[in-house]
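Accompanying notes for the structure given below.
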Amino acid sequence: MNRLHTLHILNKTPDHPRFSECLGTLGPDDAVALTENGVLGLVSSKALSSVQTYALAADLGARGLSEDNLGAAPIDYAELVNLTLQAERVISW
Amino acid sequence: MNRLHTLHILNKTPDHPRFSECLGTLGPDDAVALTENGVLGLVSSKALSSVQTYALAADLGARGLSEDNLGAAPIDYAELVNLTLQAERVISW
Amino acid sequence: MGMLIIIDQPPYGTWAGREALDMAFALAAFDQPVSLLFSGAGVNWLRKAQDTAGIEQKSVEKNLAAAPIFGIKAILADRAACERYNLDIKTMIDGAQLTDANAELMAQYSQAAFAG
Amino acid sequence: MGMLIIIDQPPYGTWAGREALDMAFALAAFDQPVSLLFSGAGVNWLRKAQDTAGIEQKSVEKNLAAAPIFGIKAILADRAACERYNLDIKTMIDGAQLTDANAELMAQYSQAAFAG
Amino acid sequence: MTHSTTHATTRTATPSFTLVITGAPYSSQAPQTALSFAKATVAAGHTIDRVFLYGDGVHLASALVAAPSDETHWPKRWAAFLEEHEIPGVACIASALRRGLVDGDEQKRYQLGANNLLKPFTIAGLGEWVEGNIKSTRTIYFHAGA
Amino acid sequence: MTHSTTHATTRTATPSFTLVITGAPYSSQAPQTALSFAKATVAAGHTIDRVFLYGDGVHLASALVAAPSDETHWPKRWAAFLEEHEIPGVACIASALRRGLVDGDEQKRYQLGANNLLKPFTIAGLGEWVEGNIKSTRTIYFHAGA
């Protein structure tokens, strides 16, 4: 795995101002982990950037979203914990 | 005073999705009363529509905004009460 | 006429939508005419096949399905919001009707309210 | 390095900004390096001449003015947000610095956090 | 529709209000704005039929708030206003139980160690809101901002 | 900087976490997501130094929540997890007092009629958060969504 600078944990809907604020601070070595309502970013017309994107499978399922063809890697809570340790920094939006 | 159909009480910042939702449902005989953080709509680049706009003076003052040249009529709470009775309907956003 | 209860937040992330639904059910229980409008990100309430096993919350799909039985007049969904969230009549639960959340729609109701 | 505390909500309407400021003061009290970043609608914290007599809340201007005295390193304001809210260095309280809230800025801090 | 929100009827009688507060004190400005609105309503000679607390708004009825001495104590301020003008203040029971706000009866029913409802607030169901909505000339909502 | 967030040091020892919850139960999903995260952390053999409740997150420590029988009781669920793994759960005192959450000591100090802090949660200052932030490998925040 490449260097992971900042892991951005994003739990807001794409309509929430903090969703856009988060996208505006992504660096090339960053990754986004979508949680809670943040997973709706994968079906909205608001484009997620080209950084590596993960999404909590539990939250995808609750919102009726398939784990396939969404442009994000589905993860469980254990993988989210791992990502927070792999990253040099974590920001929760 | 002209017929006042719906009074929209708007207390969200212009960045909040409900601010735009409110603007999207304004009719020609409607009026907007900006309260709390809603008064920041008067200094943001997000244009308020052409309907009659009021703003609570107490909230303008708290946020360092002048009552002049803002494109809204400053009102106190008594005037807000009056507006809710003059309108046929009131929606709080 | 009657009351329009508006839900503009998705389910599960916050409780505002659940509490809006309770308001609608209460009005219906007292024979007051009431409809639901899903707007903004709230349209995600209407997506089919919500599986909440992973988050230990009850699915809201059953609650919504019960709405007509309990006397709620209509389940409306803002067309533009549905498009933004890639929802169409096929991927939405049965009984939802597409509409445009604008001044004309609002004028059909004597009151409109959010739960929070 | 150190912590960047981010405030993206205006004062008075919610308590999130006040509680963020308390976090910054606590860090400074324990000699941890900390700066404040005002972004989005949060830049309205920085507008001069806030008169809170009409809403019975304490003005936050004094709290902010005390920040450097208590050891907070910098008060930063996102330039684009200031422009959106018609704020410039003349209409802002003394001591605030314009910056761009982007990846380069964030990389200068070992941690960044919101209060809520 | 038996609503009294139609105009011919309401303009003649004394206007009356139901106020619904859904934002919590010390988290939103909703209880403050609502109190200023309520005071102006009473000062204008109008009636407030009831104040209904819903969602996070039920925290306004907490008897255990200890606000810093230089900040306004919103629950006490609201309680004094309600008592002075003999206005019923009602917290929605479903919202209250989930959020840890109970009176003596609910304490017994759920075998809890204490109760924390501030007088003169009471706890009741959404029927109180429905009734207020039918009876009052206007129902005005005070939500949390952002 | 004495932070242990630099990597050479942290990769060798057992990773440790401070979790900060700022969203309330039955209003936000934050306490639920945080509990799932916490369980996965412990299951992976990592340490949780403490859980800090801030802002509206302090409501998670209420002893008076009576959740509907078909809904998860998040305060009890969290309390059981903290006790099982002997993890300190701390509610910020400034946030708690404003929001009507008090222990026996604060009840006496402010002459209140009851206390409502759920065991094993305790009440303390922001210094606990600062200390956790310095000591732990990672501090992870769980905010209310929207």
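The chains carry the letters A, B, C, D, E and F, assigned in the order they are written, with residues numbered from 1 in each.
The criterion applied here is as follows: a residue touches a chain if its C-beta (ideal position, glycine included) is under 8 Å from a C-beta of that chain, and two chains touch if they have at least 3 such contacts.
From a predicted model like this one, the values you see are computed outputs, not experimental measurements.
Visitor: Find out how few touching-chain steps suffice to connect chain A with chain E.
Guide: 2
Visitor: Of all the other chains, whose mean CA position lies farthest from chain D?
Guide: Centroid comparison gives C as the farthest chain from chain D.
Visitor: Give the label of the chain whose average Cα location is farthest from that of chain F.
Guide: Between chain F and the rest, the longest centre separation is with B.
Visitor: Could you let me know which interface, B-D or A-D, is made of more C-beta pairs in contact?
Guide: Result of the comparison of A-D and B-D: B-D.
Visitor: For chain C and chain E, what's the span in angstrom between their mean Cα positions?
Guide: That gives a centre separation of 25 Å.
Visitor: Taking each chain's centre as the mean of its CA atoms, how far is chain C from chain D in angstrom?
Guide: It comes to 38 Å between the two C-alpha centres.
Visitor: Give me the residue numbers in chain D that touch at least two other chains, ranges are fine.
Guide: Residues 9, 12-15, 40-41, 55, 57, 110-111, 113-114.
Visitor: By residue number and range, which residues of chain A touch two or more other chains?
Guide: If we look for residues of chain A contacting two or more partner chains, we find 11, 13, 15-17, 36-37, 58, 89, 92-93.
Visitor: What are the residues of chain E that contact at least two other chains?
Guide: 5, 26-27, 29, 36, 55-56, 71, 94, 98, 141, 143-146
Visitor: Applying that definition of touch, give me each pair of chains that meets it.
Guide: Applying the touch criterion to every chain pair yields A-B, A-C, A-D, A-F, B-C, B-D, B-E, C-E, C-F, D-E, D-F, E-F.
Visitor: Which of the residues in chain D end up touching chain F in this complex?
Guide: 1-3, 15-16, 19, 22-23, 26-27, 29-30, 32-33, 110-111, 113-116
Visitor: Using the touch definition from the top, list the residues of chain F that touch chain C in their complex.
Guide: Residues in contact with chain C: 26-29, 32, 36, 70-72, 144-146.
Visitor: Contact residues on chain A for chain C in the complex?
Guide: For this pair, the touching residues of chain A are 11, 13-15, 36-37, 40, 43-46, 57-59, 61-65.
Visitor: Report the residues of chain D in contact with chain A in the complex, numbered from low to high.
Guide: Within the complex, chain D touches chain A at residues 8, 39-41, 101-107, 110-114.
Visitor: If you look only at chain A, which of its residues touch chain B in the complex?
Guide: 13, 15-17
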